[in-house]
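Just passing along the structure, written as structure tokens.
Which chain is which? They are A, B, C and D, in the order written, and residues in each are numbered from 1.
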Amino acid sequence: MRDEVIRRARGAVAALVLAGLVVAPWVVDDYTTAILARTLALALVGVSVALLTGVAGMPTLGQTAPYAAGAYACVVVGSRISDVGVVQLAVAAGAGAVLAALTVPLVVHARGVIVLMITLAIGELVVTILGRWRSVTGGTDGLAGMPAVRPFWGLPPLASDQARYLYTLVVVATLVGAALLLLRTRAGLLLRAGRDDETRLRASGHRVPLHVSGAHIAAGAIAGGAGSLLVVAQQYISPADFGFDTSALLLLGVVIGGTASIGGALVGAALVIAVRDWLFGVLPGHAPLVLGALFVATVYLLPSGVNRARVRLRASSAAPSHPQAPPARDAATVPELRA
Amino acid sequence: MPHTTPWHSRALGATLLAVVLTVGTACGDDGPGPSASGSIKVGLLASLSGTYQSVGTEIRDGFQLYLDTHDGKLGGRRVDLVVADEGNGAQTAVPAATKLLKQDRVAALTGIVGGGSVAGVTPLLEETKVPLVGSNGRPELKDVSRVWHTSYLSDEPGEAIAQHVRDTVQGSVYAIGPDYQGGWDELRGFTDTFVKIGGKLANSDGKTTFTPFPATTNFTPYFARIKASGAAAVYTFYAGSAAVDFVKQYAQSEIKDVPLYAAGFLTEGGVLNAQGDAARDIFSVLNYSPDLDNAENRAFVAAWKAKHDGSPTTYALASYDAAAVLDRAIGAAGSDPTPEAINTAIGQLGQIASPRGTWQFSTTTHSPVQKWYLRQVRQDGRALSNTVVGDLATVGR
Amino acid sequence: MMAVVAAGTNRIDPYVIPALDGVAYGLLVFVAASGLVFCFGVANILNLAHGTLYAIGGYTAAALLDGGWASLALALAVGVLAAGAAGVLLAGLLTPVATGNHLTQALLTFGVALAGGSLLVAGFGPDDPQVRVPAALEGSVVVAGHRYAAYRLVFIVVAAAIAAALYLVVRRTRAGMLVRAAVDDAEMVACLGVSPARIRAGVLAAAGALAGAAGVLGAPIIGPGTDTADTVLLLSLVVVVLGGLGSMAGTLLAALAIGEIQTLGVALLPSAAPFLLFAAMAAVLAVRARGLASRWGAT
Amino acid sequence: MNPLLSAEEVSVRYGSLTALAGVDLSIHEGQRHALIGPNGAGKTTLLDVIGGATKPQRGTVRFAGRDISRLGPAARARRGINRIHQRPAVFPTLTATENVVVAALPRVVPRRRWWSGGRRRTAQHRAGPLLERMGLADVAAVPAGHLAHGQRRQLEIAMALAGSPRLLLLDEPAAGLSANEVGRLVDLLRALPRAIAVLLVEHRLDLVYALSDTVTVLRDGQTLAAGTPDEIRTSPLVRQAYADGVA
């Protein structure tokens, strides 16, 4: 019964947060609205990181790569082909998925800290290419001056912070909802099983590399979609948006939120990004110090949340898990995924 | 028990988020432009943490120095200076600028170290109709109607020194620089002009060598290539840590006797201390040197030295001049200095007296038409300093 | 015929110095990364503050070196002690985090790295400080007809000596035996009655000391500055992972390979320079992971 | 009639250690076969070779008339070889039902169109009765990591059966179980559908005699003897081997 109560309470909190996010643009100032829109886009990348890190058991520092692919594809489409938001979103998600598919051979057999380093390399290589492919990307100075996006054929372009924010919110809510639905299907069940014990999953006759590739491509599509939202929210993109610090902060945000939970990852990533952006505004010169202290404090304040991030990075332990797995780990992830 | 953990952390997360939002909104929401009390809000965005912290600090201090020496007033109005941290680039600069422009509603924005950050802030300027008087990075921009710079265009230092190098160096010159927009522009300014006036590059394919940035900490392999090319001189542009590594390794390399010419940032400010003796004799081109002999500069340097160790840099000077530009523009904008009015007034300033000598804004690029100086690193008392050894071209479009 | 021969020597000649420098650079990366090998291989800790430990050594060198030999010895002692102490502090902070819980360790140590980096810059200023090597090593010497920095040449010898000493310690001493046992089977060492907290403190102190020593000795090569910690952390992570997560010999090979890629590789393929490091790493890791997978008999 | 499974001339070496030296084994459809021998005789290695976890240096494994030597464990499982591990291998964060569903999925033929979640639902239908048969109906919604050791063992058997096996590999299924649980296990295994062939590795001879039709004795990686349980029980060779090997 206790589970039931908690499930409802969590549902209520989620509904409350969503309601708060919907009314936010009429309550807060333009700055907060603009920052929220940008944060939502990054939090959506956090969701894709959680999908790989927590659900599929592949900690990643490379989701900035499909994120960047989506963003730049969106700009190209936006300035040359169509100003319709859903078109740009679809193209961006497609670009993210294609880039993820191209990198599948690199990551599909790797696990743990090896994935972390391979994805780091992929992210850095993509940023390097972006900085040098000036005819498309505008180089390290980035691209600005994209035409305003209209969400759908016949609708007016998004001209205010409120409008851009609401568009972002709708897209993020839709994509997160889709991800949650996906996790309730067979695919989600198999991903969780694979994270628990990949060898066992294989012994049952499942084609694990196929699942991993699928998850990687799906996460790439989500990150790509988030890229198109960044373009809308920020009206400017540059390789700096997709650098190592972004991917590191997203991974840490996801760790704070609980890697195995989509909702937690969304909140964690949003929180980390929002706090960082806010600190750079209000505490000039001391932002890294405070941010670092906050990370350390989080480990102490949120032990339960953080300790769910039980992705072991040592290659040797990527093999079968011990049957005497600690109960805390077992229980915590399960109710989360059904939220 | 374990079943309660997700609920705990989620609730805490939501609460924290709410706190952030509340604090975010609780801050003031005044209208743009001057407030009733006759004061005016100016936003300063500069790298106060991270890789470019030393440049960012100079920019903040240069602006503050102008305020301190002018009763804290610009254009007769008390200045409420709101400082925000640009961080390492656009990813942190854009949200910080959003705060200055949309929450603090500053009447004008100044500072900004990185060209990428300026590019990222430009759409916000267009949206909020606030002018930027930038004091450092200046990217390629389509529309400069609200963007002014007291610094320079990245290709101007090279353009200014090309003739001198052509006249002085007997032989070909090797061009090398960092692989990012700033490096490309700086080097292109030199090579284009140099080749146009008949100079010959020693680079094997006739193209500048670009080193990965900021990843390169070891320049030895490049020095081997320069040695092999038989160059009679080297022209380069680096700043910050890369400048320290480049100069120190150069002095220990097999090409240490090949004359080194550079855009002035190679030996400007704090990096010169770190380079030490390795920097001796390097020639550089810059729009400023603390030993320039004019009344404005003597006052500026004296005021600076009263507050800080060492001499002011071109970064501090540009920010000091940005304050001077705003001082005159706000004064000329009349009784209601709106951002629009300030922007219009900046365009009508004409000649500006400055520690670097008199300069003015170009009407097309909105950056200075100014004189450039040839400097050499020489002993000055106990320390090394950049000493002006000659005037170069006046450049600006 | 003569022309061909001449061209042949000329073709090799420009690469002598980069190849030599690759050794110096690789050995520096090895000494810097060796502490991280202990962290990961022995204590099973993913320490993202490792670069900061190096930076402590680097700033110590900048503050204490005055061009004399005595100051170098002093800087080495202080740098090793300071970075070692920082390692112990880090071990204390890590107490509540479960061993092997890498992502939480990453969160904590990343926080420490951010805050520690800010404190170092606040203490020593945002400008890169000057590092003065002993006067005798300041110049350059002639190697195979080329000038090469004297300090780097000596550094190669010293770093090679450190590497050899590390090898002997790990192979021949009781502590080294424990270390090797821990890499193979951490639970076994726990059974020997050594408390995990003490192992953790010991390992992080040793890692800090090594990083501190690398920071002091390497300051003239990778000098202290705002980005030093990140640079060193990244290079160390790369070589530790390439080296097989816990193997000293593997790490040494990986470090030398990275050193050569960063120097000789850049000299040979300048246009590919920005991609070399990460492309090589991704390729090697992916190929190796595939090899492991086929050994497991994956479908 | 061709055997369901035949392993021919299988040899496995780990470095200088020979685990299996040219072992032959064949099992017919529905046959209940036990593999016994002292520790280190190569029993588990032979299971690994048949299940696909270990690749032999020499020899071939044929299953249902096809050479499966080159296939991995997943492909073999899809062909009908399922295994119960020495330490029960279940997915700890998944509920008992989900565990069985995951195990059933590869062999489920969708009854409805894919977008209606047909495969998962079919698997779900299969899970309920299986859990009931294993006496796990009460804990169907409990994460497997919370189950007792014996329950996990039963769950793993349910998972193996969910995969519609034609050959079940059992690696010391009684290890770590109480006397009571062993009794239930024997009942469960004896009640398996007759069509399923079983290869059992077990130390406890009473279980071997209770569960198997035929027995192979391995020693030092070689076949020492083979026959019915009665023949093996009386074989002096086997008595000797056990006197040397196990207490």
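Going forward, a residue touches a chain if its C-beta (ideal position, glycine included) is under 8 Å from a C-beta of that chain, and two chains touch if they have at least 3 such contacts.
The model shown is predicted, which means the values in this text are computed figures rather than measured ones.
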Label of the chain whose CA centroid is most distant from the centroid of chain C: D
Chain pair with the greatest number of C-beta contact pairs: A-B
Geometric centre: closest chain by C-alpha means: A
Interchain centroid distance [CA atoms averaged], chain B/chain D, Å: 72
Centroid distance [mean C-alpha coordinates] between chain C and chain A, Å: 32
Distance from the mean Cα position of chain D to that of chain C, given in whole angstrom: 49
Multi-chain contact residues (two or more partners), chain C: 118, 274, 296, 298-299
Numbers and ranges of chain A residues touching at least 2 other chains: 128, 132, 199, 202, 207-208, 256, 286, 288, 327, 330-331
Multi-partner residues of chain D (at least 2 other chains): 53, 72-75
Complex contacts: residues of chain D adjacent to chain A: 51, 53, 72-78, 82-83, 85, 87-95, 98-99, 101-103, 105-107, 117, 119-120, 143-146, 149, 152, 159, 163
Chain A partner contacts - residues on chain B that touch it in the complex: 2-14, 16-18, 20-21, 23-25, 29, 48-50, 53, 83-92, 94-96, 98-103, 115-116, 119-120, 122-124, 139-140, 142-143, 179-182, 184, 212
Interfacial residue positions of chain A with respect to chain D in the complex: 185-186, 189-190, 192-193, 195-197, 199-208, 320-321, 323, 325, 327, 329-331, 333-334
Residues of chain C that touch chain B when the two form their complex: 10, 13-18, 21, 25, 118, 121, 125-132, 139-140, 146-152, 220-223, 225-228, 231, 262-264, 266-267, 270, 273-274, 277
Chain A partner contacts - residues on chain C that touch it in the complex: 40, 44, 46, 93, 96-98, 100-104, 106-108, 110-119, 122, 237-238, 241, 245, 274-275, 278-279, 281-282, 285-286, 288-290, 292-293, 296, 298-299
